[in-house]
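Written out below as structure tokens is the structure these notes cover.
Chain lettering (A, B, C and D) follows the sequence in which the chains are written, and residue indices restart at 1 in each chain.
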Amino acid sequence: MRHRNTYVPMSTRYFGARITRNEDPALLTGRGLFVDDVRLPAMAHAAVLRSPHAHARIRRIDARRAQAAPGVLAVFVHADLGPLGEPLPKLIPHPSLTYHKTQYALAPDKVRYVGEPVAFVVAESRYAAEDACDQVEVDYEPLPVAAMLEAAAAPGAPRVHDDMDSNVCAHYIQRVGNVEEAFARAPHRFRERFVIDRGASCPMETRGVVAAWDSRSRRLDVWDSTQAPIPIRNGLAEMFGLAEEDVRVIAPDVGGGFGPKVMMFYPEEVLVPLAAMRLGRPVKWIEDRREHLVATNQEREQIHDAEIAVDSDGRILGVRTVFLYDAGAYIPYGLIVPIVASTTLPGPYHIPNYHCEFRAVFTNKTMVSPYRGAGRPHGVFVMERLLDRVARELGLDRAEVRRRNFIQPDEFPYDVGLIYQDNAPLRYDSGNYPGCFDRALELIGYRDWPARQRAARDSGRWLGCGVACYVEGTGIGPYEGARVTVEPSGRVFVATGVGTQGQGHMTSFAQIAADALGVSPREVTVRTGDTGVFGWGTGTFASRAATVAGNAVALAAQAVADKSRTVAASLLEAPPDEIELAGGNAFVRGVPGRSMTLGALARTANPLRFTMPKEWEGPGLEAVRYFTPPQGTFSNGVHACVVEVDIETGQLTVERYAVVHDCGRVINPMILEGQIHGGVAQGLGGAFWEKLAYDDQAQPLSTTLMDYLLPTAAEMPPIEIEHMETPSPLNPLGVKGAGEAGVIPAAAVIAQAVDDALAPLGIQIAQTPLNPNLLWRLITEARRRS
Amino acid sequence: MAAHEISLRINGKPYAGRVEARKTLADFIREDCGLTGTHLGCEHGVCGACTILLNGEAIRSCLLFAVQAEGAELMTVEGLADGDRLHPIQQAFWDHHALQCGFCTPGFLMTTLAFLRDAPRPTEREIREALAGNLCRCTGYKNIVEAVTAVAETLASAAHAGASPPLAGPADVAGSAAAVHARAALPGAQTRPGGKGSRSERAPSHSPKRRRS
Amino acid sequence: MKLEGTNTLPAPIETVWKTINDPEALRRCTPGLDELKEFEPDRYEATLRIGIAAVKGTYKGTLAITDKQAPSHCKLVLQGSGNSGFVRGEGVIDLEPQGDVTLVKWAGDLQVGGLIAGVGQRMLMGVGKMLIGQFFKCLEQQLGQGV
Amino acid sequence: MKPAAFEYHAPDTVEDAVALLEAHGDQAKILAGGQSLVPLMNMRLARPAVIIDINRIHALDYLTPDGDVLRIGALCRQRCVERSAVVEARCPLLSAAIRLIGHVQIRNRGTVVGSLAHADPAAEATAVFAVLGGTITAVGPDGTRTIPADEYFVSYLTTSLDPRELITEARFPVLPPGAGWSWREIARRHGDFALTGVGVVLTARAGTVKNARIGLTGVGPTPARAARAERVLVGRAPSGALWDEAAEAVRAEIDPDDDIHASAEYRRHVAGVLARRALAEAYARTMEAV
């Protein structure tokens, strides 16, 4: 680890360049390998029978008819699980989480949400497995349902878990300063209630698992559409009593994840390997879309009662939010989402006194765990809406209110005074918040906006402009690692534990390694998502891959470069510090003729006979390095948009959307922009189209893509992006994360733009997502009032 | 239930199999023919990941039973590239970073192939509406729209250089010389036996071109 | 899903009361009710084939008539489950004599769960309304014929 | 999400198809484009025991103008109608509405007659059929009959067709000379079922409305004609105020339902808004036609 924090790139030729992706040719030609593409001899197919009830006792399950159905190999119910019949692992405990409930792989005696697995059928085909699901007889006794968040939190609500006195499983408070005193002396205080509804990450590839058990070698291979193959491997080894070495988990090409695919464990991740071991045949289970919309974790549902105190100039004196967090029926992932919500809320602003307090509440709905943003959109929605209220009440320009409260560029590192999701102090490392803000205002044409808006209104068009800011905690630990190898062919291989679900790791990491080793990124093959290739790591989440794994790759590549120079030095008869690496060669500086290819060096460094120089430290051109960040690093940005509202129908058109974004040094701007585009689409989807509807008995009503409305190309605006680069001082590459940036302020900026469009009617949006019916209702009510 | 013998052609190669009537064409292509580039994202006709060409027209392969495709000519994403040479649409998607996870990509490529054949000079609005039957969760569509715009421009300038009349509009594409040229410029898109445009006004007594069956 | 309404049936209250407590009339007028077998007083095993066009689900369950206050008040409780999910419904019926005819006030809470609720929400409310409409229309016809 | 098993038949002729229908009755479903039926089957909401695939009855694949009607055969794809220059010229209302059915992949398979047979309450083709006053030709064991639009739609997904009958053709009247038309709908996303849609055909002469037909989709169990609103219009001088009055009449005569995307109240309101906009646009088109 001697190179830690002393990394100096040999050249910056590829770092920062717009390089098309290494992973694309296979994906473009249909040669990708997604879990559903895995085909093994004698493979059987599984289907899951799920509860149609949100809350019911299981009186009896009779699987005999199903077992006898044509093509059926096995039907599992809870009683068949043996030692795997215990609740699934508890992830990420927290001292405030007093009831850390997790579900069973198959429900034993009670179901707590629609979609909870009750039986697992394995047959010769998926068709036959679904036929047999129809034959499983389950006698349910329906129980009273805790459907709506606020009602579920109230005393006397139907209880999701019998051994609890209420549905509240955690109560957590964080404070900065003295909020009571700040509010007591503040000249202005404004209180609001904000409601954020449910959404789904809905990757285009649903979840899926294939498992194969070799009974002779006693090895288990699992292909899993997961964001965290290594923890899955570790967990499976433990549950099945196998050595970690004997379990290999591969997340091949993963068709989008966005958070919910980082859950460990979903029931099927245990059931498929179990069935494969019991039957001695490979088993495949692919989640269908209807299952996905009930059985894959969801997010977003929170209700905030928030209050802000300001002085007469609009400077923030204190902020308070007390909120409810809907956990769904179980809480495997702990309190990450509400902690992130409450720690993202302060954003780029000075908030001398802050009180955040939440209760996590069980309801009879699908479980909640982080979905891209993971609480950040909530915090930003609350904070930005409060500032909009301040501007309106004090008659100030909304941009000016923000400007008066920004943390200034010379105030870093800035300690917010809270504990972040990584259990480390929430300390912003670097940034230029006012600079970013000014760029965004310019991009959207904020100065001329009032005139443009007036002109539009005169012609009967209701246009609005919004601008919202955020700070995004990214790049948290604990660690990631990488192994960089130069092969005798001269190709460079990078292995890391952080898998990709489309974020371009095969290219970004290749760029980092290429610079250190003086090769083209096309000569670098990155292997991720396979525990057989690299077995240490946690996973892809929290916008951390580029920061944590990226720096590990840089350190390992640097070590290999040093080794290459050492080996080359002895062969080219020059001191190591006079050896340069470029174009796939090592050569003596100023004497390009005295050179060797990297491939030849790699062969030399792995001798068959004779002795090896001591300073080589080992064979080959290979190094493994780990990066362990001391804390997260904080990106920031500003989104601005222009919308039009049809006030007769409530239809919303997003005409323009601009993002100014700072995530430190940029590895590949093309990939970064792609991340932001996609995030914005998910953010806008969640702001106007996507809502997981449940009825008052917690029946999910939007379990198809006809009703869960992912936006299409026709709804999305063109998106304009500008980058600013304030390097992070916390890692050698100076990078910060960016994966969630696009989604975070979208709901807030749309709400503000709608307020602005409808300002003559005095409408103030306090909920998200919006929809035409809702906007029309607000418009109608406002007109009736006036 | 009885099994049905079927044979059809995919990307110019013959395939045959015995299937239950209920097996969807998408499952047949993926499982029986081993062509797993065609993906299933919803199985109810919304997401478009399973889009392929059936006798030259873009369709959802999850909404057709394999038995219905008896004798048909199919084209899937595996048929786009010419050996190692990417199709211009694939190349444009690569150049413009129009894919991230890549799961929806085959469907977008096949939709684009048929779309640009029919509407060689689309506006951005037309592109966005033509792609609205394919969902992508990663890209926000911006780079996909840019890629399609870029291919359209390349093809239009190629067509303009070669053909004297400008490209015809979508309504009467099948019969026009320019459209034929545009199809020639767009490898792979020429397979549209009995193009719809030529059949659109036809009396029942006129014997329609038989679908191979 | 809460539904309510009023209907005027062309018969005196006693006749109406008798009809809505008559298993045969119920069987005939409840849309999709294939079988009705009394297994204890006022409790029936029921097989329902509910749906529209090709979208039909078969539900097995029970129908009970409770809270009887002859001749003006009763409650119908229906529950059934099948491959398409489950249905549960409660309907309170109040009868008011109005000379030769009877005013029926009804209020129901129909709950549909599982597959149908998840994918069929677009028509759920409308179809629920339609089925209840069919029920009363049928009663009207039966009473009109002097049953 | 895989369909339940079924018995599959693919007859070559209408006679064979009808014989199969007669043999299997309501156990059987006709499969034409399948763009509504197959999703229902994949989700196992529909589990027909028998599928009669009419895609091999090539004689039903036609679209032909015949005097004042367009005859559309049961196998004519929506895309074929959308691309037809004759339809565009003589019945542009149909062209415009068809373009909003799902997406191109759907329209490449889906048939116009299939839309009518499925009778989705929020479909486009059904409302155009209703507003134009088309007719259905159905063949059953007892021979051929025609069903006019106003006797055809019964309720959600339900028509007056006998389970043993096969629709062979739908006839859409073309627009009268000089008629203005408009199709307006509001949907959550491009290609979604309309929350509400309105189709208008209007003729005007010498400063008065001579004839008006207004059809609606998404506002009840079947496509609806706004008869009262039509009566409001006839014989009156076109004006914004008249359109408003007609819009109010539309609102008064429909009884829409709630769903998760829109309340009945919203649909009622928007039906009026769209009717007003459609009337204005249709009237403007009558002026262009002059």
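One rule holds in what follows: contacts are C-beta pairs under 8 Å (C-beta built on N, C-alpha and C of every residue); 3 or more make two chains touch, one makes a residue touch a chain.
All values reported here derive from a predicted model rather than from experimental measurement.
A.B. asks: By the contact definition above, name the pair with the higher C-beta contact count: B-D or A-B.
C.D. replies: A-B
A.B. asks: Compute the distance, rounded to whole Å, between the mean C-alpha positions of subunit B and subunit D.
C.D. replies: The computed centroid separation for subunit B versus subunit D comes out at 27 Å.
A.B. asks: Between subunit C and subunit D, what distance separates the C-alpha centroids? Give it in angstrom.
C.D. replies: The answer is 32 Å.
A.B. asks: Roughly how far is subunit A from subunit C, centre to centre by C-alpha average, rounded to an integer in Å?
C.D. replies: One centre to the other, that is 48 Å.
A.B. asks: Which positions in subunit D touch two or more other chains at once?
C.D. replies: 1-5, 43-44, 189-191, 193, 260-261
A.B. asks: What positions in subunit A touch 2 or more of the other chains?
C.D. replies: Within subunit A, the residues that touch at least two other chains are 127, 134, 288-290, 693, 701-702, 704, 706-707, 712, 714.
A.B. asks: Could you list the positions in subunit C whose residues touch two or more of the other chains?
C.D. replies: Within subunit C, the residues that touch at least two other chains are 83, 115, 119, 121-122.
A.B. asks: Going by the touch rule stated at the top, which chains touch which?
C.D. replies: Applying the touch rule to all chain pairs gives A-B, A-C, A-D, B-D, C-D.
A.B. asks: Applying the document's contact rule, which stretches of subunit D touch subunit B when the two form their complex?
C.D. replies: Within the complex, subunit D contacts subunit B at residues 1-8, 10, 31, 34-35, 38-39, 41-43, 51, 53, 55-56, 58-65, 71, 73, 77, 79-81, 83-88, 102-106, 108-109, 189-191.
A.B. asks: Using the touch definition up top, name the residues of subunit B that touch subunit A in the complex.
C.D. replies: Answer in residue numbers: 20, 22-23, 30-31, 34-44, 46-47, 49, 76-78, 80-81, 86, 90, 93-95, 97, 99-106, 109, 127-129, 131-145.
A.B. asks: Looking at the complex, which residues from subunit B come into contact with subunit D?
C.D. replies: Where subunit B meets subunit D, its residues are 1-2, 4, 20-22, 24, 27, 43-45, 48, 51, 54, 57-60, 62-65, 67-68, 111, 114-115, 128-130, 132-134, 170-172, 196-197, 199-204, 206-208, 210-211, 213.
A.B. asks: For the complex, which residues does subunit C have touching subunit D?
C.D. replies: So the residues of subunit C touching subunit D come out as 52-57, 83-84, 115-116, 119-127, 129-130.
A.B. asks: Which residues of subunit A touch subunit C once you look at their complex with the stated criterion?
C.D. replies: 52-54, 114, 134, 140, 142, 290, 293-294, 693, 695, 697, 699-704, 706-707
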